[in-house]
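What follows is a pair of complexes built around chain A, which joins chain B in one and chain C in the other.
Then we have the complex of A and B:
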């Protein structure tokens, strides 16, 4: 295990530091500019690989340009989220699972954090725009005396815009697969909160302390449901609070965040996420900051609302118990890469990757009596100078000669189960074939 | 809330009492009193006898400089002050309140305009810098603000006078009225003439104070920008403008409003050095002279005025805290 000259040093020389900051500012300027540019929607429109999926991550790279060097937080992540399913993303702290989800929302902490490569394909329903970039409203029609269908006119002789159940204007929509990694920030805004919404880890700090709960809920309604009246927004917000199991929604509507408990705040966050019936809810460790009883309630709630809105959930967690309970598919990440994917059954009953097996072993169990919990030996490699061999090699108990070669490719072991490890072979021993989807 | 304010006001009475005692003792302990400096030549040349001089001192209650003598003098001043008799200035022979009232206007005007300019420039600039952290705007503004902050008032003031008033002759300085102004000039002409004199002092005050507020705004905005709830606001799909001017700004306001409440005394207190450098007969300059020559009634009243404003400013800061931050409740 000969370390390179660079790895041995735990400091950065002045010239090196200068070079890094020069490179960083160049890279940051380039990516910031790319996010701000104006492009035609055609440029970020793509095709789904599999029509059943809502989201497909394909070789996603998200880097942080730090003063110590480039941190490859997400380094070639590929997996997909099928419609109507819950996908659990597991891995230890710092493995890139949160950054993956933030990349999906384009919320990676800029300017140092940037999506630098790969694609995130998302099936969005966007507003159709006319030549001048305006939304095209749908007008109310009626049948006149002679039996023809004509536009309904109001007292002033203007065409009446059709209203949806909430009271918002109806616009012509189109389904379009977009590549979020290439989308400019301005276009991304109509997807955030409306098509994909996010629940964060820390309910205690995720709500703005100076605005009432009602204000923070209404804001989303006003933003994404055009033409809605004040009264309708309020009713809808209160309805959402009721939906997430808040007993006194009218009272909570008027309260400030600090007047609520952690569990209540997380429910409010879920209500905000649900407000526009999103296709996908990204839950970034939604229960980590809550105590166990509240955890169970929140998980039940998430399961319930998934059924109600008929959407998908991307559940990020480091709690294997939560994943086992919630997820249909599981993605295991390690050091910025996906190392194993499969159905929940695959991962829990037949874990393949030595890291996944280690994770399972280090889980506390009630039935077996052990002196101390198992722990995987060693440390995660330094994220700045990642080795070019398997990142788990130095900690692996079943490491082979092969493992010092290049990073292992994904092998599909069964229909649903794939792993990036040299210990396994393709299901029907077909010649090396790259398979990245779930 | 009302109960809290009343309680605080009652408490501040004791603070003011302590402040006035300390200031009175300090002024009395100055080596030369007003009358000593005033009558020393006459005393030395024998025009005035020592007895006559002592009589004058006794008239003003300044003859006994022992500790109890000072206390007695303080008691005399306090009882008069509480009854609304602020005394007559030694220097000007006029009622103190009249002097303060007549000279405060111009000081307040200068301070108010420069505070307004300071707020209008520094706060948006601070937010802009925070949003472009380590960008070109940020570095430029920071360097300029630091340069402004680093200048001593008298230096920058004199530099401005040298460049813009003497060399270029763009502005008038020294007092408030031009020498060339005709005696029969109309009110409007007089007003513009006065404004002409005030450009440089206001400019100096703004340049000197802008840096602090701008850096303070920048730091607070940066802190808020990294908060989780700002990420939530972005995740909702709000535009960057809305995120910054609604969610960030409202939170940045909390420390800023408190900070600005403290500037209340400086608003009325006059800018001592700036006024002296530009020769503006404001309250700051008057108070400076009063302290220098030991004009006890004027110095005491001015200092009490500033002390009261300080106490009110601190109370105001606490009240503003409760107004802008819903988490803070004032309980009596």
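Then we have the complex of A and C:
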């Protein structure tokens, strides 16, 4: 059978593949070196655009240098997560929502995956360091007979380090806005797991099968809370298991992951994420592998915990129902780009982008009865050769002449709602004349 | 084609499929001499009727035996007990060889399109293999026949010589559907056909399944844990919990006049894509109990919010509460039944008490 146009497009000649691998190794070497170098903290310190935000993604680019070409998994993503709120990131598989979250954690699969450009600004409370790069402890003080405040000394005449409620040493801290995209891997370690923590998609595969639950919980405590004793770590771990609603925390502490059900494992994952009181929890499809009844339990738990620790949640999911229920703000992604952002009400009551509308119409709901579901025609474009016009043009039923031009810029339709589409104009809530059929 | 007509010849008034008290136990423990002594009751006494052209949706949590039920009906597992009638003809006691003749009439679409296609066969071979095996077509007709089936399922003819790894999830699922339809079946068991797919692809596959049902007169058993999908495609809905059917009826009845507390909890747990809907959710406590050692009495009583005393002792009877709407719950007992159950519990208590007394005497 003759090769079709499509097949020819995927064919890579030998010289071409040689060229690609040469370019890839050059790029990878450059970015790997950049991650390992030692830099002064000033170099990655920046300023927040809005003081209320915890995280700001600004034109983030994360590429994968594959043998078939460069895959632009995240291609200019900008949005922000306000403090104390839940932001839902929705999109189909392969749209770059997981890679965005992994970039935030600096966990993108290296060496082929690299953060190439843009910035991720995060307000972190970091340890203050002295000239030699050591943490500065806070010492216990007491008032002596003459009324002066002096350092408390132990039996050996050494100053006693102040302890916090958990039993860990207290160090001098400073608030600083850092750019995670420029941070070296070494410095990232004090943020990952302590300030930002992540709940992974599959609790079955993300727990280590050869260590007990207790072991895996304690590890986080040892790493991030300095000066804590074994007994205190254990107590804290059990306390966390209790917090996530495990009925028999002492028993579960000694168990192995395979002895627990899916819902319990996901609870353990949440307990691990909560261990250091993070400011931001990144939940990457936390309920996709679970049943509806267990999903309801876990979502309920996440909501409660957000209130308790007063943090923010970045919730990544493809389930619009989950987003509607949990999120305050919604970010819709398509093929590596953000196409629409707004509050949950904006996105669900007045969806603007044809893709968002299509996505909502294609999901059957329990309340509404329809004869046949809407389906978005066509496929997601090949991530290696992205077109230079709107990525959704070929699947869009409302595309116009303009759409063949360059990629549409973001249009601020209302205060909170913005969309990347030529159908809309600045501060003009209604589309030009076409009726929205819902 | 005459062969197919022959095979399906039977009483016309009988439903396409009737299942009576179907059971499938897996042996999980054996005694020292090899006698099985511990069972996992994956399917424990299920009965339903399915008319031609209708779709039965089966919902339930993972591990409740939905898939096992589908596979047992198709004899992919040997059943432990019960009867299955196809066109009024008892097929559960047929020999394997006799059953093979019936197989083209019942096909299955599996859950994971990434795992259920052989990576070494081309799409044409995958689809045409079984038709050739069952002698529905000759070798000379093979290519045209397969291309025809591919066309019905929205696959382009030049896919014929490609391999499964070249396709996306949605396309693979179409190949799986084409493979099932190549035998011109009457009954198709769809075991979570869309749960591994993206939302927009899901819509394509569901629409296609609906169109095929209308054009080919197919009958589906649609197994899914996604209630909204089941509601969209089914005529009848059965809700399973720990191997038993707890509620069964027409879609309208089950969704709008829900009887069983488990069904109510399951429906209330589904997130609705509307931020204004704040649901008063019935949160089920804990996990689904182990099917190896299910709770005594009603299997659901450990998580039920309407649990009564009788639930802990006597398993409820699966019966027709309203016409065409079956339910297994003590909430819908008649007065006589309640009296009988109360007596039974009293007797049990007395037996327990006397046993305890005897034990004390023996100890003393």
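Here is the rule we use: the second predicted complex is superposed on the first by the 417 of 438 C-alpha atoms of A that agree within 3 Å, B and C clash if a C-alpha of one lies under 4 Å from a C-alpha of the other, contacts with A are read in each partner's own complex, and residues count from 1 in each chain.
Criterion: contacts are C-beta pairs under 8 Å (C-beta built on N, C-alpha and C of every residue); 3 or more make two chains touch, one makes a residue touch a chain.
Owing to the predicted nature of the structure, the values given are computational and were not obtained by experimental measurement.
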Clash-or-fit label for the pair chain B, chain C on chain A: fit
Partner chain(s) touched by A:325 [first = chain B, second = chain C, both, neither]: second
Touched partner set for A:370, first chain B, second chain C, both or neither: second
C-alpha centroid angle, chain C to chain B via chain A, nearest 10°: 70
Shortest CA-CA distance in Å separating chain B from chain C in the superposed model: 10
Common ground on chain A, meaning residues reached by chain C in one complex and by chain B in the other: none
Touching residues (chain side chain A, partner chain C) in the complex: 1, 4, 92-93, 247, 261-264, 291-297, 299-300, 318-325, 327, 344-345, 348-349, 358-360, 362-367, 370, 372-376, 379
Chain C to chain A touching residues, read off their complex: 61-62, 158, 160-161, 168, 198-200, 202-204, 206-207, 210, 225, 227-229, 231-232, 255, 265-277, 281, 283-284, 286-288
Residue numbers on chain B that touch chain A, as the complex places them: 226-229, 231-240, 247, 250-251, 254, 324-327
List of chain A residues in touch with chain B within their complex: 105, 107, 109, 185, 189-194, 197-198, 200, 202, 205-211, 219-220, 223-224, 256, 258, 269, 272
